[in-house]
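Paired with subunit B in one complex and with subunit C in the other, subunit A is shared by the two complexes that follow.
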Partner chain A sequence: MLYKKKFPLVIFLIPGLILIFLFLYWPFIENIKNSFYDITNFVKMPGKEWTFIGVENYKKLLTDSKLRIAFANSIKMMGLAVVFQVGIALGLAIFVSWLRRGENFFRTIYFFPIVISATAIGLIFKLFYNYSGGMLNQFLEVIGKDPVNWLAPGRAFTMIAIPIIWSYVGFYFVILLTGLNAIPEELYEAAKVDGCSKVKQVLYVTLPMMRGVFCTCIILAVTGALKVFDLPWVIAPKGAPQGRTHFLGTLMYEQTFTIGNVDYGSAIGFVIVIFGLLVSLAVNELLKPDANL
Partner chain B sequence: MKKKAKWLALFLTIVLALSFVACSSKNGSKSDNSRNTGVTPADKKNPVTLTTVSMFGGTDPNAPNYQAIISQFMKDYSYITIEDDSQVSDQDWKTRIAADFAVGNEPDVIQYFIDANASDVLAADKFVTIDEIRAEYPDYAKDTLDSALKAAANPDGIERAVPTTGYWEGLYCNKDLFKKYGLELPTTWDNLLQAIATFKENNIIPIAVSLNNVPHYWVEALILSAAGSEGYTQVPETVPQDWCTGLAMIKTLRDMEAFPKDTDTIDNDFAGELFKSKRAAMKLDGSWFLSSIPDKQNTVITAVPVMPGGKAKEGEIIGGISSGFYITKKAWEDPDKRDAAVKFVMANTNKEGVTKYWNGSGQAAVSADPIKDMTPLAISGFEYSNKASVTLLPIDSRISQEAYNTLIAGIVDISTGAKTPEDLLKEVLDINAKQ
Partner chain C sequence: MKSSGDAKEHKRFSIRKTVTYLILALWAVTTIFPFVWVINNSFKPSAEVVNTSFSLPKKFILTNYVNAFGKQDILESYKNSLVISGTVMIAVMFLATMMAFAMTRYRFRGKAIVNAIILSSLMIPAFSTIVPVFKKMAQFGLLNLPVSVILPQVAGNLSFATVVMMGFLRGIPLEMEEAAYMEGADVFKVFTRIIMPLSRPSMATVAIFCFLWSYNDLFTQLIMIRRRSGFPISVLLNEISSRYGTDYGLMASSVTLIIVPVLIIYAFLQKYIIKGLTAGALKG
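Entry: the complex of A and B
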């Protein structure tokens, strides 16, 4: 009888609605408001009002070279996430699906980095990359080579992108493997009867059947790349070296919490949300995950 | 199946009911016991949980002393539990503390800055003044020197914090490395340049510093060196040329490869390790760094030499009192916590507590007895601070946090030439003017 009475459903939905409004939408609206004021302290001085500065922060965004770097890095990261995170995960998932046994073993092994906190992974890679006494330079020393500054401005982005990609491959691997297992075995058998090689089976059976899962993974990878924060912050905080490894999230954090420029940080936060929405819409439009092609 | 489920439900109900009875009879027996022993609830101290925050956390050399005082305190007052959330002070931590005060999540006792660094927190008006506390507890901060209490007054002149120690900033040198390469200690600018060139040739990092994390000491020292005490202590409205000269020296030093190759990415702790492990010859740091140095025989402290054309005079050093223990109104207005908070601050700031923190480095806020068997390094620090003719508070005690943070965030760009000192200082002074 529950499905006929809608009122109890509404009762159950309201607490969630209140929580999401209180902890997401309200702060978001406050954040937009803050970006139009000059916030000089975290604490509002008694009797002192914030000065309204209009779109000053947004004008500053247009000329901020660090923001340009952060945008470029975030977009590069999206591309890398799609190509390498989803790509490597797809390759691994296909190989594992061909195995007669041991699927669970590989599933566990590849998924493992997901359960390690990003901070711990960041710390591990920081120790790998250290110029003085880091693991990579110790290897180089053993083979008689000069140490390398792995986080030098020219290569820091790549060195930070590696652990970001590595740590999430397992996540997409599990999703894709689940999708692969859902493909009926009869299709492969029919393809075999028609004389399809393994490669052709992947191209003409696996990939078309996986389209929906694929699109989901790409959307997750693209939006996930926008949220990158913890790993780069641990390996090279504040966009180090020389602001070259700033992502939108790290730049917003630095401005707000390290420098204390709350209003400018709020403006960056607002831009991140708008950019995220636009990217999600564009990806949806491009991939059309629900379309029946 | 249905019958089984019914019996199981009945069984669980009985178990639950019995456990309730057992619990209530336990409470009852407890109150009976207290009646039998003649102890009334009024005679007992209510259990108190005190939330505390300090900068003596993580890798801070005073962290073990602070923890030892907490442990002893909880032994002495078994009814008080300390829930401590101490961390090493950095900008992120300061911001978190300010946010805690803004939303009413402040601790009961906090060891925090006393100068402009505390402006956010002071603006919340959540500290009790020493006068108010002394009206009820006349012995509060009785061991602390009056001069130290005055020096720890907030920018509005009101005394709220009880300090433990003062500090100084000095150039730590690995004397054995200087000796090994036949170098003079960097008491003059020429000696400093000579040392940088020689160490670089011998694969020793001349100066351990993290420009991305803690360039503060070099910023302060070079501006003081260029501007002298008068120019250094002003709060300028227009960009002072001397400050630009001082900051420009960071680029000169970087171009000479005086800093580690990865100075843009390492943190201050790692820079400290480079110095302690003798991979670096010099490190500019505060008096708190002294106790963490393992080689106390071969490390000495000198002043940063005055740069050519610099206006600083010999004996002008950076230091002073920068922090102290505060009691918040939240604790003061709670009858149970008030006494506990006062006791806790006194345990940290009495002669015994301060002597632990001081241990011969920096300046004690009480009249501490001389430390016996001081190490050569401690003697060097002691002599360095005693020789000082003027001790000047750093720039961050005079300008707004956002302005100072902007200055620090721009130092890497200054060192690479991506930004000129003039442009950075203009930005900094504009921000400061808004406050």
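Entry: the complex of A and C
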């Protein structure tokens, strides 16, 4: 009865929807359009018209070696995120669930890096990796080894992946721990009565019961890895050295805002969306989170 | 026979327990170490950071902090960040509650479409919208102003916040609202006097999420804010890192100044913060 008159709907719904349209849908469409033009200036000026170039930018994507590196790095990052972020988090969560005490303590500690900005974490790791006087090389000196160039071309990607993985383990830890706590105690009791060891309990009770939560974690890890920007940008700006540490996000930024290749950057932006969608769909299809076992 | 078996069992348990605690403690140390290291080194001159970064400062000095406040004007950046992220937080909190209220209480034509619009916008990352938004902001002369970051960030957080609020509002029984209606309250009174007070905990959750997300986001802020006096914290930090990368002491003190306020807030509100940042994941 109260909600029969529809007029208030306008007031409650429209402001938010307008914002979503103006700042998400419209620019998203506009961005796709832009990627088909040759854009020399951000603002259209007389004499410097944009020219329609069709799928030129997308053809360039296929042959661009920088993009190939960025794409490979982003895919590698997805794999590493699933294996290590979710993997370490799962191990820690299972261990904590075995304990009677300390759950809150570990939860609080492990989660902390997530509230710290990736920019600050990037700076800390930059101080760790510095060749002259960085924390790691000081440590090597103490144990009598030669200093190492931690951000050398062959090693840089791994060194950047480490803080990305490290800082988000706590996030998946909390999600997985919540999932673990939701598993009824009786299932474990029943398994114990049937003679299952702790390891078997994990394999036959915990993991199957956690399927839905797992799927959530994996999708979050994969899409999160695709959105990586702040950390690599702070530790090794512009994909240094030699574009080896570019991710799709940092390459898009560099092309658009430092090189001024706006249309190409727009094309990369669109590819990120499509790729993210495809990967999430694939994960959903592979893991079938809602299927009954 | 039985008792010796028990003893053996007991022993195995305690070994496993020790190992478990050890592994958990090890990860806890790796989590805390970088922060402790950087705070410790912020009180040393750069020359000391470079050589003896593991020991406590020989003499506590505040030069790095003087530089951070004086040369870098970190206070100004705090203010800019508070203006931007505070506004984003408040705007998203109210707009999301309003939208969630409309979506859970009303039946109307096209509701499924609106729902789909909200959900699909979750899939649109900033990478694919920033160029046109940047162009429009430049056209209207809004670049470098807080509003150029606030509007895209509000839009970027809104759908997610709405989804979380919808999950909560669905759980509030309608009886109270109906009773208020019988007493003569209109929809707006119901919203401000019943819905908002009842949803205070989830509004807080959403608010914390939005604030931290906005405060920590570098991408949008880096693009929109190019004038130094307008730099929010994360952009200033990026600038310090690329320009003063050799002044280790200054870098350490700047990072410390970013971490400490968040650490204090975290110490008091960690329960809500953890809930806030994982809420979306758990509700789908």
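Convention: the second predicted complex is superposed on the first by the 274 of 293 C-alpha atoms of A that agree within 3 Å, B and C clash if a C-alpha of one lies under 4 Å from a C-alpha of the other, contacts with A are read in each partner's own complex, and residues count from 1 in each chain.
Heads up, the rule we're going with is that a contact is a pair of C-beta atoms (placed from the backbone, for glycine too) under 8 Å apart; a residue touches a chain by one contact, two chains touch by 3 or more.
Only a predicted model underlies this, so the values are computations on that prediction, with no experimental measurement involved.
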item: Side-by-side fit of subunit B and subunit C on subunit A, or clash; value: clash
item: Contacts of A:Q85 with subunit B and subunit C, given as first, second, both or neither; value: neither
item: Subunit B versus subunit C as contact partner of A:N261, first or second or both or neither; value: first
item: Subunit B versus subunit C as contact partner of A:P237, first or second or both or neither; value: both
item: Subunit B versus subunit C as contact partner of A:N149, first or second or both or neither; value: first
item: Subunit B versus subunit C as contact partner of A:P15, first or second or both or neither; value: second
item: Subunit B versus subunit C, judged by how many residues of subunit A each one touches; value: C
item: Partner chain in contact with A:Y131 - subunit B first, subunit C second, else both or neither; value: first
item: First, second, both or neither for A:I114, with subunit B first and subunit C second; value: second
item: Location of subunit C clashes with subunit B - one stretch out of 135-143, 153-161, 189-197 or 261-269; value: 135-143
item: Interface residues of subunit A shared between complexes with subunit B and subunit C; value: 42-43, 130, 132, 237, 256-257
item: Subunit C - residues contacting subunit A, complex; value: 16-17, 20-21, 23-24, 27-28, 30-32, 34-35, 37-38, 41, 49-54, 95-96, 98-99, 101-103, 105-108, 114, 117-118, 121, 123-125, 127-136, 138-139, 151-152, 154-156, 158-159, 162, 177-178, 181, 187-188, 190-191, 212, 215-219, 222-223, 233-234, 237-238, 240-242, 245, 248, 251-252, 254-255, 258-259, 262-263, 266, 270, 273-274, 277-278, 281-282, 284
item: Subunit B - residues contacting subunit A, complex; value: 91-92, 95-96, 98-99, 101-102, 119-121, 123-125, 205, 212-213, 260-262, 264-267, 270, 274, 279, 400-402, 405-406, 409, 412-413, 416, 418, 434-435
item: Subunit A to subunit C touching residues, read off their complex; value: 1-3, 5-6, 8-9, 11-13, 15-17, 19-20, 22-28, 30-31, 34, 42-43, 88, 91-92, 95-96, 98-99, 102, 106-128, 130, 132-133, 135, 138-139, 142, 166, 169-171, 174-175, 178, 198, 216-217, 220, 226-227, 229-230, 233-234, 237, 248-249, 252-253, 256-257, 262, 265-266, 268-270, 272-273, 276-277, 280
item: Contact set on subunit A toward subunit B in their complex; value: 38, 40-46, 51, 130-132, 149, 151-153, 156, 236-238, 240-243, 254, 256-261
